[in-house]
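Each structure below is given as structure tokens.
Common to both upcoming complexes is chain A, partnered first by chain B, then by chain C.
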Partner chain A sequence: MTQGVVIDVRDLSHAYMPGTPLEVQSLRRVNFRVCRNETVGIVGPTGSGKSTLLYHLNGLLRPQKGEVVVGGIELSNRSADVRRVRSMVGLVFQNPEDQLFEQYAGDDVAFGPRNYDLSKEEIRERVRKALEMVGLPFSFKDRLTADLSLGEKRRVALAGVFALEPEVLVIDEPTASLDPGGRRELIEVLKQWRKVPRRAMVIVSHSMEDILELADRTCVLAEGRMVYSGGTGDLFLDRNLLQAHDLVPPVSLQVVYGLEDRGFILQGKFPGKSLLTTREVAEAVGGMLHGQGF
Partner chain B sequence: MEEKGAPLIHIEHLYHRYEHSGDSTESEPQYSLRDVSLEISRGEYVAIIGANGSGKSTLLRHFNALLLPVSGDVWVAGWNTKDSTKLRDIRSKVGMVFQSPDTQIVATVVEEDVAFGPENLGIPWEELRYRVDWALERVGLGELRKRPAQFLSAGQKQLLAIASALSMHPDCLVLDEATASLDPVSRMRFLDTIDTLHGEGITVIATTHRMEEAARAERVVALSEGTVIMNGDPRTVFTECEALFRLKLDMPETVKIAMGIASQVTGFKNDALTVNELVDAILGFSK
Partner chain C sequence: MVRDSEFALPGKISIGQYIPTGSVLHRLDPRVKLVMGVVLILAAVSVSSMTALLFLFLVVLAGLFLSRVQVKLAFASLRTVIPFLLVLAAIQVFAVPQFREGAAVLWRWKFLIMTDRSLKSGMMLIGRFMVIVTGLSLFTFSTSTTEFMHGVEHLLRPLQRIRFPAHETALIVNISIRFIPILIGEAERIMKAQASRGADFGSGRINFIRRFRRMLPLFVPLFLVSLRHAQDLAEAMESRCYMGGTGRTQLVQLHAVRRDYVALCIGLCTAAASLYLSYIRIDETVVSTLRTVLL
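Here is the complex of A and B:
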């Protein structure tokens, strides 16, 4: 195994209800690798197998065909230490706030650590740190979960995963149904979390803006096949690739391409790679109009 | 259908409060809507925006009498929603599409789901058949009519939800975060379908957290803590940066880019609501 690889998925196939007339092939010979210190985005239409792939990354689903190796643990081996894998890989489902069940926020955050052999003080410390990581004060532990806003609930749910101190965070649609303010806060929390060395993150999203902000590398799934894997910038800057995989780029790039179609080329003057975000596009266009350099 | 421009939904001093579940320590009555007055005309396309918990969904549920005012009044096509004898009329005028594709389909096969509403009204067979054909055609699901609904993609399920609302021949479609769980391609297709229907005269009222989507409407209403804070055309609302940020909202990306350009180039208009509009503005300026 290459140094730094923390998740290695090889030739993974998965079918739901195999051997029945309702059999659906969800993953087809997927290869997927995550290294430490990187964030990998996964995009693809609904039903392309994104969530199925995620469920394999902490052993919720075990490989039917192919291999999944997490932190050196081979998950196709039936006697694999799944508990160890789950403490290493924190999985955050879509709408994780639906899974809050304790009356007080702090108890929900403490639920995971309480299942490990930790002292009261250690658990308390974990809760404090986890709440801090999601931008909530320690006193938040005494809040009633039922009275929290959606954005707050989602952050409490995320703190519950952080409290297990995972090395890899696997997160499904983190910003879906959040208001723009809640989205900004959550993106910031995720950016802070991954600053710690050796951590890795896998993020599934329909929001290309999320992917652009967070993912160093992006993989595209289509009908259960991994059809692209490469730098996020390379993907969004390659129109043929976007078209081939039926992907809509972030708005900033839609503007770049709209201009390109009408003969106004930005990339020529501003070497391609950094021309991605709203700010970069605004500055490039502003610079050109201001200098009237065309 | 009555003439375009006449009021379809008329709200006066609407207050709403959910019953408390009992285990909360709150003793103050918390209103989820406070003194909302609003008028929506026939044929209008109105986007309702606001932070999570600002009261958007609660307001929407008053438009077809799923919820009734605690105080104040809501009239739909001239009928007061408190008048229970008009409930059927109101519900058939206002069709709703919700966020989750899986929770709003009642039948196992596509065309049966579309037929469900009018069938319950006792619409004659020939007319029913015509309505189902027409509704499926409108959303482009004609070829999938015999398919089990469970085998549709999320995007197709949302289109089916529209078709099922359309088969009731509503005057108005109310969309509650109807695009939230769709992938970008399905979302564009859904929004294009909505634009077409609006073009044909249907009133559209939609909530969304995507400002790009809200910018497609003719009017934007912003709610905060159950109160209407902004109410105006998208160009006015979406250039109020500070107010939007305070309300946990945002500007559409195109407005952000336009403002970024305008800060460097004097005279550049800063309110581009769509990609095409922004591209036109840039090219226009460069000549």
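Here is the complex of A and C:
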């Protein structure tokens, strides 16, 4: 398993404006690891250090204390090849659509590959593949970015990162401010992207539904400390843990816990059966109601 | 300080940052501080000797100690302007022809000529800017933008009689100041996003034109974002029935107390003393010693 590690963060601490009265300790001795073929979720309240951690994953911030190793490249080493790290780890920011700057969608998608001095044909091919991956036709490259809808802009921005052909996708709040349809489409795009073997994904989200749907493993950050790291299901099925970290579970589990409070224990009744998604919960509740003669 | 990122734009920390320490200087009436600031700048540009500048600098340093803000923060803001200052001073010292007439040449190499007059004006230039920059950072360390705005508005109020829009001017100044950190933050965010797609802002080896071209993609989103900020702000103000200055009363009423008058007196006396000190010139002794050493 250790040979599959692509990102290894050890004892990472980070302070903003160190040595001034405005110093803020953002990360405190954080350990974090991402392996190939897995999706890791990061949750935690605003200001808990999530974004700071993300910035370290592709060298936007260099470790002040501790180590960050990405694909074998040691980022605390000042002469590390950051550009290679950045082509390996694609970072999608919050509201990435704010940052489209080219007049045409295609040029914006091509920004990354052009920075890496690829041939014209290769750039064209990458733009085509990237647009296809986010579910847009190649002809979309000639659309004016200013005329696109929010969902389309976000997909173009995502294609801009896909065009770098990263091995790890790091994505911050992917579904924020999208309508339900847009959210669904985006999640499908992400699921499609990670189907390719050896790829890994790190997703930060306040939406527990997104985390439940995408993340195999979830880490909880609170005040700069990594307070939990383990299976996403294990986290959401442990009420004490959720309460201890001030997390509100996905709606499906809110139903399960609501029933529990009224004396209907679902978990014990269906041993060995996963009880996480809306569908699973609905089946369990349905089964119970049938048993009672409904 | 550990340099952990190529994007932390320098100067953001110290210039224009309010640092509340609750000192005497912080509690002064902002009008007094504004007047003192203007007087200090006027004094710094009108004095003609190093002694006077040294005196002004010492007064600013004393103010800095009074404000209980760490001195190194003031020097951090100086550090960001020093490269520009050195370039300006070098031009002044070596390349301005009007200092060559009737002046003693101290040093020459090809077209670069250093005379006693040019050396003096170069030193004065650095001294002036050091006084002004430290003084301005002292002002921003001890005055919040709200206080600053109240101060400006009160000072401009007499001009309302000749229909000068005092309130609006103060508001415009205040909003512009408020927007600086926001825009710096946005610029940083956009640079980070573009760097993570392989754009290269960091290394200084690429030439100036290429560097400028790399900055271009930064301006478009920055412009869009700031326009949106401006629109949001305008809408928020309108939805709260903002109508401008006419008939508007103020929650904060500024009342000058004794310490404000004392401070004002000290400020004016400092300026007067610095003008008096202009007549005592140590810089000429410095130049003449240099002359004897070099010649």
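In this text, the second predicted complex is superposed on the first by the 289 of 294 C-alpha atoms of A that agree within 3 Å, B and C clash if a C-alpha of one lies under 4 Å from a C-alpha of the other, contacts with A are read in each partner's own complex, and residues count from 1 in each chain.
Rule of thumb we're sticking to: contacts are C-beta pairs under 8 Å (C-beta built on N, C-alpha and C of every residue); 3 or more make two chains touch, one makes a residue touch a chain.
Fair warning: this is a prediction, and the values are worked out from it, not measured in the lab.
*Asks:* Once chain A of both complexes is superposed, is A:Gly182 in touch with chain B (first), chain C (second), both, or neither?
*Replies:* First partner only, chain B.
*Asks:* Considering only touches as defined above, state whether A:Glu209 meets chain B (first), chain C (second), both or neither.
*Replies:* First partner only, chain B.
*Asks:* Quick one: classify A:Ala282 as touching chain B (first), chain C (second), both or neither.
*Replies:* First partner only, chain B.
*Asks:* Under the stated touch criterion, name the partner, chain B or chain C, that contacts more residues in chain A.
*Replies:* Counted on chain A, the partner with more touching residues turns out to be B.
*Asks:* Check chain A for residues that touch chain B in one structure and chain C in the other, and list them.
*Replies:* Comparing the two interfaces on chain A, one with chain B and one with chain C, no residues are shared.
*Asks:* With touch defined as at the start, can you tell me which chain A residues reach chain C in the complex?
*Replies:* Per the stated touch rule, the residues are 14, 17-22, 55, 58, 60-64, 83, 86-87, 90-91, 93, 96, 98-102, 111-112, 115-116, 160-161, 164.
*Asks:* Within their complex, state which residues of chain C touch chain A.
*Replies:* 1-2, 4-5, 7, 13, 17, 19, 70, 73, 189-190, 192-200, 217-218, 220-221, 224-225
*Asks:* Residue numbers of chain B touching chain A in their complex, please.
*Replies:* It is residues 21, 23-26, 50-54, 99, 153-155, 177, 180-188, 209, 211-212, 245, 247-250, 252-254, 256-261, 263-265, 268, 275-276, 278-279, 282-283, 285-286 of chain B that touch chain A.
*Asks:* Give every residue of chain A touching chain B within the complex, in rising order.
*Replies:* It comes out as residues 44-47, 103, 144, 146-147, 149-151, 176-184, 206, 208-209, 246-248, 250-252, 254-255, 258-259, 262, 264, 278-279, 281-283, 285-290, 292, 294.
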